[in-house]
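Each in structure tokens, the structures are laid out below.
There are two complexes below, and they share chain A, which is joined by chain B in the first and by chain C in the second.
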Partner chain A sequence: MSRKLLLPAVAAIGLVFSQAVWSQNIKFAILGPMAFVQGENHWAGAEMARDEINKAGGISVGGKKHMVEILKIDTNEIQSVPDATNAIERAITRDKADFLIGGFRSEAVLAMQEVAMDNKKLFLGVGAAASKLGINVEQNYERYKYWFRASPTKDVDLAKTLFAVMGSVAQQIRTDLKKEVPKVAIVAEKTAWTEGLIKAAQANLPKMKMEVVGLWQPSAVATDVTAELSAIKRAEADIVFTIISGPLGIVLGRQMGELQLPAVAWGINVEAQKDGFWQATAGKGNYVSTLDTYAEVESTPKTIPFVKAFKARFKKSPIYTAATYDAIFSLKQVIEQTGTIDAEKLIPAIEKMEYVGTGAIVTYDKRHDLNWAVGKTSGIAVEWQDGEKVPFWPPQTKGMKPFKLPKH
Partner chain B sequence: MFQDILISGLVNSGVYALLALGFSLIFGVARIVNIAHTAFYMLAAYALYGLLVIAKVPFLLAIPLAVAAVVALSLVCYKLVIEPVRQHESAVLIATIALALIFQESLLVAFGGSFRGMPNAIEGVVSIIGVRVSYQRLIVLVVVALTLVATWYLLNRTRLGLAIRAAANDQEIANLMGINVGRVAMYTVGISVALAAIAGVVVAPVFVVDPLMWLAPLVTMLAIVVLGGLGSLKGSVIGAFIIGYVEAITVFAVPSGSYLKGAVALTIMIVVLLIRPEGLFGVVFEEER
Partner chain C sequence: MKGLLALPQWLWAQLRHEVLVLPSRSFVFFAALLLLVLPLFYDDPYVLRIITMTAIFAIFAASWDLLAGFTGQVNFGHALFFGVGAYTSALLSHHLGWIPWITVPLGAVLSMATGFLVGIPCLRLRGSYLSLATLAFPLILTGMLFAFPDFSGGELGISGLKRLVVSTVGNYYVAVLPMLILCFGIWKIGDSNTGLIFHAIREDEVACRASGINTTRYKLLAFALSGLFAGLSGALYAHFMRVAGPSALEVALSFQVVIWGIFGGIATIYGPVLAVFLLYPLTEILANFDMFKEIRLLIFAVIVLLVLLFMPQGLTPWIRDKIELVCPRCKNRNVFTRHQCRLCGAELR
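Let's look at the complex of A and B:
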């Protein structure tokens, strides 16, 4: 090839290459157990964010528009922690993700956090509550500063919400059932994230004028808790305080209904957050209540439009891992503000950011955890009433309905 | 508390007995260590879910259809996967692990990882010696009792049972006596999986159905058959009741350690094995079979 031809060819290739660079998409790796409902919601929230942002022209970085590209990364973390670390490694090295969003199981997210920090990639957690994730940031800021917990609040703050709601449930029992000191049975699955909450419950409930009648800790995958429930019935518990993320939540709700246990279940029951809970309990999960994130109430000005749009598109309600939507939009906000996707420059901006999301008003503390406040990041409480998931707390939020006690 | 332990232990023991009996049966007759045994139990639960909740088939028709479908599938698996490698015990072991994982992943693809429930055959509860028991649990008890009696009858009062017992005692002699050992092994696979499938369909409305539901009972079932004596049918049933009641007692005696019920059951198994290495009703030497 002659030099006359070579020079224009190189110039043309250079031009094409530079255009490719400038029109490059911003890649968000969405990490989650995609065969499970948590991962499905991670992905669904991200899809909504992508479509809305791209429809509006993309994300502006220093005046140039970039489209959002989301990468579906199945971590399989419910079944295997090594699968999760392999998945995040692949997202960073092969897929060249710019940002990492998601994770659900604390044990797996702790392992994935290490991989992300090794690679200095911004990782916005959406799903794991273990305090250790934020403690890492405080103890070794330079290494762990790339981690932010976008949702939910850390386990200690979840406890604050749980006890705030517990106080109002106990008050209703005092008023309606004339029991001055309601009896509480704690049922917690035996996993790492429940330990702090159990200790907090045992320490705080007596101070709140409630009697703890016992602690039952079935295996996280127990398929039968009739023995436990028989013992709880004999202990005459008024409240079954649940700290459950797995299938145990369905078994407990169903068998409480079957055995007509005259007690209300309140706490964390991740399965009860899902629309499928009523069907899974064969319609016996009445009065099961749980901490939740989304309902058609005005938690923030964006909540109701988001929940309605989600239901219209996916034919189901969002659960808390759909906050990938907020994670992407919050990153959009700081990217446009700073004009860069460079993690080192984005971190100080995220630390100072206030972002009004769909389930929370997001600001971060020194551990890169959400600052907890009722009505801002506390989430909501819902109760199953005759097949409907009814939001009842915080009472000041517009759209809340009354909490009901089981018939005695 | 005694009544609670009595009733809770009875239901769980019955389900364990069905699973362990089927597992022991196929091991005793064909020396097949079928790790996929509880995966068939899971498949039966899903088949019932599909028929009952999705296809809206009535309960009384859905149950036999689910059991029959799973038994048919097990026979196909036996012919295609297990029989060609039957003479190599380690190959059979690995093949059945592979089968179980294939079933698990297939269900994960077909149904997702969601936990599923289905309605009871009969709603309501009854109080027995002060303990509330749902009618569905009573159904489990009745079906388990009938199935155990039917299995005993089949093995001890029919020509097929005689052939199965003969093959279990000594395959070579049974062969010389004109028994088609290969065919008997196949029938035994069918019976064994039918027991697992019956366990699956009766507990499906009581438990939660999910693609990992085969793992927990697998460990318990293995503990039971080792405790009772590998290949001993009587040992499997008695071992099931020992483990079932140990679990129930653990829950009531140590509420905050109810997750330990599996570990306590396995510890009992180890203690028994230290005292009697062949298990409660096992044979000491292979030659004694």
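Let's look at the complex of A and C:
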């Protein structure tokens, strides 16, 4: 062979070889609002899963090892629903993703779900809690069977967790403060998603032997809630039941401390899940507690190693969208079990699967939603105590610490 | 035989003497032709999806230009009409099970009625007061939708809607054909006597009234027509996305259409349409490059700012002034290479 032909021949062989290697990768499209903390955690969780799986040799499909490739798909869904659907279409038809994982804003995920189902691609939701996503599976199984909600539990189950923890907090108040009927003030940001939870709280709390002393609905971006908190103080509330996803959570925490409100805050407070909450409240966010997913407790045998590794790598704690890690590992489990990446063959296996993840023990119901159970998929509750985020519920989980009440 | 040949001959004459004589018209003609034949040789679902969305938003942008550009009723809440079209079609489909071919036109009609109703309180307002008042309408509708979540789907909206047609190519034509027809229709309205009155209202409403024109009637007509076209685009959007949610009424969408309008050049119709065809795919194109993914919105903002800084009248008037010359005598346009007007023979420079 002449020298002139040698170079193109080598290049061609190299190209063919690299194509062959490339095509062996299993592609997971990680969908999320990458400019936001939710998307950052989607990606961080996926990166950890990819690195661990590839370090161990990849995923075995029918005896052949395949490397994991993750595709960062910025859905921009918080700002634009059409952007999200364009992004998932690109992931499927251009990037040729084998699996879709992620999503956050429910309205956008509903639209993305349609695109994924049109293309018959397995879509593991990690982030959106709207029940409708699972109801679709129940109502039209043949079309929507490719959808599974890997994390978190659906909105109705989140409410179950909230009331389960509320019962536990109320019991401690009864025991420690000798108050048979604890008083509860509901503080919910004035947005649509809180309405269902408000109604549920107003209906359920009296049945749980608690008195609802009032409902306060400040703006989601309010910078001062002293008027509301003063009224709550006068009403002698023992618990401030929070339903807050935005920066209001910081304002509430700080001003509860400033007013020395003799009450605990329990509920959803997304800001209080973040490591920077204590600093943001200028050290005044004591006794603020919230639902959370990860802490250094033995929710499962994998939780503590995962949280420690995450903190070591990213210098912060994971939030619930980091469950992309579990979504990838759970798919690895069923792929290796079935020996295929064919969605049609994987679906029955996922439906029957029990996967021990880092934040939950995953089994799916007929809506492809997580089966809710305390200690398995319910998540955890944490309370800020003197600058530390302390996990306290479910109490039977190893590593939980006592819940503290403010001094009266 | 002679009769059969007459139509193609007439069409060719029109094309040669009315379209191909001007670069701007030639560009629009060939762009429209390209859009019509594109799926025949390029059927990438992702690209077709982007163009479908672009076509839907192009109708929306043209409808804004008819109201704000031509009539001077600068609407900062144009998403209201888009949302009314989307929700009407979605709710009729969802609750009554009607097919989208019926609900989409009904969505447009209800949006037209909304335009008429919204126009009434806006008659008393002018300038920035009008703009601020219109900003409130989509917020009011959003509040109403959230107040009845069982009916409207609340925060999640109505999902699982049926598409007008199943295939990707079919959906492409369902958006592109109405876009071409409606944008041409809106442009013809702007070019008609009615359009002239819209122009006059924008320039000097008092003088217009003094000339015996019932400006109230024409302003309401502009609101209603704008609502009709925006509503149709909203209804098409809902059935293409298969979701009609609160994002269809977002303030961001109302401002997006203002950006498209000003970027392309107001009171032109083709300007905002071209702006959508440039700006909407731009962020998607940038998303395909790793180095631009994170900063694509920043790049988008910089491009818009630069265009507005150096082309204050918008992109299309700037380009048109470069490639075409206006005859000083008959005011008709000519390609910039000509020295004499194609119609009256006057010296062009």
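In this section, the second predicted complex is superposed on the first by the 377 of 408 C-alpha atoms of A that agree within 3 Å, B and C clash if a C-alpha of one lies under 4 Å from a C-alpha of the other, contacts with A are read in each partner's own complex, and residues count from 1 in each chain.
We take it that contacts are C-beta pairs under 8 Å (C-beta built on N, C-alpha and C of every residue); 3 or more make two chains touch, one makes a residue touch a chain.
Not measured: the values here are computed from a predicted model.
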| item | value |
| --- | --- |
| Fit or clash between chain C and chain B when superposed on chain A | fit |
| Partner chain in contact with A:Leu215 - chain B first, chain C second, else both or neither | first |
| Partner chain in contact with A:Lys190 - chain B first, chain C second, else both or neither | first |
| Partner chain(s) touched by A:Ala130 [first = chain B, second = chain C, both, neither] | second |
| Which superposed partner A:Asp74 touches (first chain B, second chain C, both, neither) | second |
| Arrangement angle, chain B at one end, chain C at the other, chain A at the vertex (C-alpha, nearest 10°) | 50 |
| First, second, both or neither for A:Asp365, with chain B first and chain C second | neither |
| Which superposed partner A:Val251 touches (first chain B, second chain C, both, neither) | first |
| Touched partner set for A:Thr226, first chain B, second chain C, both or neither | first |
| Chain A: partner with more touched residues, chain B or chain C | B |
| Which superposed partner A:Arg90 touches (first chain B, second chain C, both, neither) | second |
| Partner chain in contact with A:Ala35 - chain B first, chain C second, else both or neither | both |
| Distance of closest approach, chain C and chain B, by C-alpha atoms in Å | 6 |
| Shared chain A surface residues [contacts with chain B and with chain C] | 35, 79 |
| Chain A partner contacts - residues on chain B that touch it in the complex | 1, 4-5, 8, 11-12, 53, 108-109, 112-120, 125, 131-132, 134, 136-137, 203, 205-208, 210, 212-213, 215-216, 248, 251-252, 255-259, 261-262 |
| Chain C-touching residues of chain A, taken from the complex the two chains share | 34-35, 72, 74, 76, 79-83, 85-87, 89-90, 93-94, 106-108, 110-111, 113-114, 130, 132, 136, 140, 191-193, 195-196 |
| Chain C residues touching chain A - in the complex, by the definition given at the top | 44-46, 49-50, 53, 146, 149, 154-157, 159-160, 241-243, 245-247, 252, 283-284, 287-288, 293-294, 297 |
| Chain B-touching residues of chain A, taken from the complex the two chains share | 33, 35-37, 40, 78-79, 189-190, 214-224, 226-228, 230-231, 233-234, 247, 250-251, 254, 258-260, 271, 274, 276, 279-283 |
